[in-house]
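Here it is, the structure in full.
As written, the chain order gives the labels A, B, C and D, with residue 1 at the start of each chain.
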């Protein structure tokens, strides 16, 4: 029977992190990109929880609570920003966000 | 020693106060602005005069010292003081300031207020560099100068002014920031040796920095100073800056700003980094000689009057550098005198160009010709200044050149051989210029009604003419004031050198240690007690030849010293 | 004697007054009189100084006025010396004589100038006298200065005045060109001179003439066996200076051009005084030079070659002043020949006599030019003796003197030189060669001088016709002296004698040229003239180091031999004169025919001036050919070389200019350009796309991680 | 780590509490007095002043509160003052700008104060969690502020960019923190330092280090994590840009210094190299990219990137002098950078956006004082004495040389010269060109006050920097050197 070690959690976390990163890099919809970022944050959370468990230290879990809270705040603000943007531009395609360059 | 505790500050800040006063004068009151600027700069000159009379040329210490804490946490101080070099250069600066401001009366018609503010600020910056004995303070003033000069060129310059101004600025800035690195290296080295954070230059003068480090620091300093001098191949900013600057800007640039570089060498590079200096002599001398010949040749090819004079500066400053790096007392003395001379004659030559430029708005030599007939006084002044520039005996240029070349000759004959060719080339391009502009018939109808020098214009030249003749005929007062300062530098670069003021040194000091900084300090302490008793002792002590009662330096001791002089470079 | 410093100062003051006040306010006459008065005063002082000097035992007096450069330690060959220079003046026989010459001749020329310059505008006159006085100031400083640097003050100063005076008519391109050329060529010499001075200090630790001489006398003579030592180097460098100042090969090219200046200037500066400064300087350093026999030989060779070449060129000149100019170069060559063979006394003697007769000749030519309304071409003169008898007579005396006909002054001095050359044993040059060349030159001298006299004063008048106011004299040969300023607009009334201001100096000089030689009668005449070699004995102390009062070595030769040599030189001179007489006065038509047959029909009488040229050619044949060739050489090669050098310099300067503009400065601008381009690249990287930005961020992370994994 | 809170904790939190209260009051006032712009402005200024006074009151205190989550020490005080002064100046330069843009100021001031609050926590946090909280409080406020001009597409876009990239970088940073937590078993910086004191290394640690550097590098806009900066700076409202470029950078530097100097000194050899490269690349790219910009705000953005590179030198040196140098520089930086942005903000009029270089043309004719002020800011940014910028650079130079990083110093030198070129372009437009565009420029009293503060600060600390140096030195001394000073070779 396979034992689930903290290493597995870490690998899961790393995989999730990479998925999130790739999502950020390749998706075109701003909302989905934002969700990819949430994935990254969740990767962090998994990592922290696993480590907290391994270290038998509560700080990691406290950290996770804060990360979740902040992620929620960010989600709120972020969606607001995206809506504001959408109102002006009528699109959430990331390739069209390039008035300012050079 | 008669030290007024705040004379130097007074000299330093008079122009700045003038600039501040001008800030509050309404822009439209142009004449009032002119008067105020002239008055302040003239007061600045007057307050600097006591330096000439009260400077004690027998005292090897820095004089008129002012010392206040400035940034204690890094050991920077408001530390002012002068020696022979700086006294002469300060006087040159204040005088040229008066002339530059006076010469701008009719030349500047737009943005008058800002113009004079910048000019006066510039004046303070330059004076500050000459009086600072704190390296950081020096650097501060050194950089401060750039900004007003940038504006003088950039706003009131001619055609290509933006390019020239930024070139001037960035070029000199590259050098000076690299120099700052060198300064900090010395600073930290001093800390590692003494455990004290200080930018005190007199303290740095006593350091024995390891050679490798000296080498690098010298390079850093060299870049900073050589750009300012300017030495070949760092000179290309100069013709542009000169050509496009307004007349007063060119005058100040040539007469004073370029001296910053050479002053930096003599004040910092030589005494702080003596071994590296000796190691770099061939390089510097080589570049100087190239500069002399190259500057002269390029000058000859110029069609632009001002540019020609600018290139002649390159040539002359090469001479100054060569004299300094001969590392002989005669060479160094000549080098300083030549700095004054260059200030006087090249400053005057720029004024001369400025006068016709103001009348005709062109600097092309081909536009002129036959001016002798129309403007005889002008032609006469130009002639005298040309002769001064090419080193005609009885005029100032000669004294400097002969001292430099003689000083160089005993070190390395081939250098003198090539450098002296500058004499021929100098005559060639200057006389050709003179011929093309002054002689011949008036071919250009626009020149026919040019007015001769006005009274005001003549007044700007009068002091320069006077000085040219004075230094040419009787340079002794100037040379006397340099004596102890030159000796102090020499003692650093040549450990066997016996200074002339050794005669008035402490009786107990052993002959070998006479040159050591400690001995100077001891001597300084002894002298602080009273000057009057020392000559008597001195006569008893060593080889005193004659007590000279020149009014410039009462009680000055002259003594031609004979002894084992060390040859600096490969002289035969 | 204490006030010898006043001697130079007086003309200096005169110059200052005329320069500062005179140009604005003085009348023509006042400016001239003031300047002349100052010169007269200086002459008076010189005279009394001379008398006082005769009264002293030591025959040496030095006055230090002030310290110029205070002592500064400086390394010399033996340890640390002290570089110091004083404003000090020396009166010794040599300088006393020179001071007398300069003030004396100078005074006369000042007076002459009052007449000569009176057509110039008012300010111009004052300017002229200002320059002239200034010149005398510098010349006297040069002569009286007791160290190298004070001498150099005068040395350069006279150069300046020469520049100013040659270019006096600065509106003329040729005049200002000539002035510039003179100054620059002189500067090339000065370059050698200052290096020599530096070496003097480095070697002896002093610049005082007397001290140097003393020190040098302690050193071994640098014969060929000893080798080319430091004294030889000094002498060679100093001599380079002398070739510039005294117009010797290869730096003589400026002098003929210098004739663009007003004639009194040519007389004073380019004949009597300034150009002899080189000779004076060599004499002044006689001790040094005698210690460098190899350099002496060079001096002698250069001297005699210059003498010969200049004389041959002088044969074909048609411009009256140019003939005299080449003659001056030639005579200076003689003087250098004399110094080169060690006859410093003879050199100084010839210098003095030359000053008299050459000044006379120049002033005479000035009177002619003046009388001919600024005509300088001898081909347009002829028969002038009837119009200007005093000028003709005095000039003839001058010509006889320079030709070396006894008992006029030139004979004695030139003969002394030739005699000493005859006796000289050279280092490299075979004996008698120098002498032989000298004799040939003597003959040429006599010929061209009498050619000048004959063409000018004898024969038929060939000049332009003159009317009574309306008719302007024809000037189809442009380039000579037409348009000398505003003062010459007056109508010309034919050749005429000059005013008293001008003739009186001529007469005085003629007297001088006649009798001056009697101070240096050869010893051979002891039987008939008890005061032989007076001047040489008088000058002798100046040529030896202090304390070395050994009697000059006797130059032994049989009386017969000595008289034989004298006879020969007189004969040669007479031969030259006869040749000139035969071809220019007696049978000009015959010579014309000769010319026709020899030179071919195409060169026959197309142009009457041209005929004269051809006439000359046919008469003097081979000499003519070589002379013409040399003239060409002078124009094309030597002068060409000078111009070529000038051209090369200018070319070099342009190359440097281009280099500066495109390479040195180019590098600077290139840096700026690179920064600008890089900036553009960085800007393009900023695409505005969020995912690109994120990607770059990740790239950075990966780069760092990789670096950490690989490198650490 | 004693459990529970004490009264002392709240006492030492006084500035933060005051600020929070004040911020809330601003919101209240905005609702109560809807058309009274001056009221919210006054309240914000009052709040900031009181907070500042409270911070100053804790000068000389050196303690840890809230169970080791926050430190009240000289370092924190120093950075808090930086943040508060910049907030003050930002508020002062805002009213006229907001009026032209026609937006409600109440929430704006509230958000500014919130961001300030976050920064105060960044300055005093000594635990990864507090630092993270502070960072996010600041960041979220800025996300909103950047997009505060709702009708403006540029503002929207800036906001979106900042938000997405910020969140992304936050992820990276957090991942690094989690790894660090895993290696050391604690989130407290002191604990981390203790755990790593043995000097053991692992791959995970290196990875954590790089991720931390990347995450923080994003906040200070270090190359290559800088890409967001120019776009966001250009698009955000000018006062926000000003505040963003100064205060957020200062607070981030405070955080970086805390983490690396206090938490990871044993890894100094590693991160010194990282930061060396980062510093060199950052200043070079920043300066060179700025050379050809024609938009003032964008140019200042690149300039701000370059300045981050300069300040990193202090970190590279990793000595007390280095830290002090970075602190000094950040302090003087607020005056010159905020001043420059204030002038740009002033140029915003109904008919002119005012952020192009050519909009500066002829400024000396219209507003001589503004032109002089801008001149001083540019000189100061370029590091020309006697301005404060020079003194800042001097310290950085000194730090680099003292620690033996001569080549970095040389790169620094070359960069400061390059930078002068584009600062001078600004001067050229202001002083050497005469054409003026658009309507007259108005300068309200608030703006004038902001400019005066900036000018005085830029000059005072250039001529007499002693006061500043003392404080910086004192604050930096608590770190000690992360490395032994390599004596000059």
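Going forward, a residue touches a chain if its C-beta (ideal position, glycine included) is under 8 Å from a C-beta of that chain, and two chains touch if they have at least 3 such contacts.
The model shown is predicted, which means the values in this text are computed figures rather than measured ones.
Trainee: Taking contacts as defined above, which has more of them, A-D or B-C?
Mentor: By the number of C-beta pairs in contact, the winner is B-C.
Trainee: So which chain ends up closest to the centre of the protein, judged by Cα positions averaged per chain?
Mentor: B
Trainee: Could you please state the distance in Å, as a whole number, between where the Cα atoms of subunit A are centred and where those of subunit D are centred?
Mentor: 26
Trainee: In whole angstrom, how far does the Cα centroid of subunit A sit from the Cα centroid of subunit B?
Mentor: About 67 Å, centre to centre.
Trainee: In whole angstrom, what separates the CA-based centres of subunit B and subunit C?
Mentor: Centre-to-centre distance between subunit B and subunit C: 38 Å.
Trainee: Using CA atom averages as chain centres, what separation in Å is found between subunit C and subunit D?
Mentor: Centres of subunit C and subunit D (C-alpha means) sit 79 Å apart.
Trainee: I need the residues of subunit C touching at least two other chains; which ones are they?
Mentor: Those would be 683, 686, 688, 690, 694.
Trainee: Using the touch definition from the top, which residues of subunit A touch two or more other chains?
Mentor: 24, 33, 97-101
Trainee: Two-or-more-chain contact residues of subunit D, please, as numbers and ranges.
Mentor: Within subunit D, the residues that touch at least two other chains are 160-161, 164, 168, 172, 230-231, 421.
Trainee: Return all touching chain pairs.
Mentor: According to the stated criterion, the contacting chain pairs are A-C, A-D, B-C, B-D, C-D.
Trainee: For subunit A, which residues count as touching subunit C in their complex?
Mentor: My answer: residues 21, 24-26, 33, 94-95, 97-102.
Trainee: Can you list the residues on subunit C that touch subunit A in the complex?
Mentor: Contacts found on subunit C: 683-684, 686-691, 694-695, 698.
Trainee: Mind pulling up the subunit D residues that touch subunit C in the complex?
Mentor: Those in contact with subunit C are residues 160-161, 164-165, 168-169, 172, 203, 206-207, 209-211, 213-214, 217-218, 223-225, 227-228, 230-231, 270, 274, 285, 288-293, 418, 421.
Trainee: Would you pull the subunit C residues touching subunit B in the complex into a rising list?
Mentor: 19, 23, 66-76, 79-84, 87, 123, 149, 152-153, 155-157, 160, 163-164, 167, 170-171, 173, 176-177, 179-180, 183-184, 187-188, 190-191, 194-195, 197-199, 201-202, 646, 649-650, 652-654, 656-657, 660, 664-665, 668
Trainee: Mind listing the subunit D positions that touch subunit A in their complex?
Mentor: For this pair, the touching residues of subunit D are 128-129, 132-133, 136, 140, 143-144, 147, 150-151, 153-154, 156-161, 163-164, 167-168, 170-172, 174-175, 177-179, 181-182, 185-188, 230-231, 234-235.
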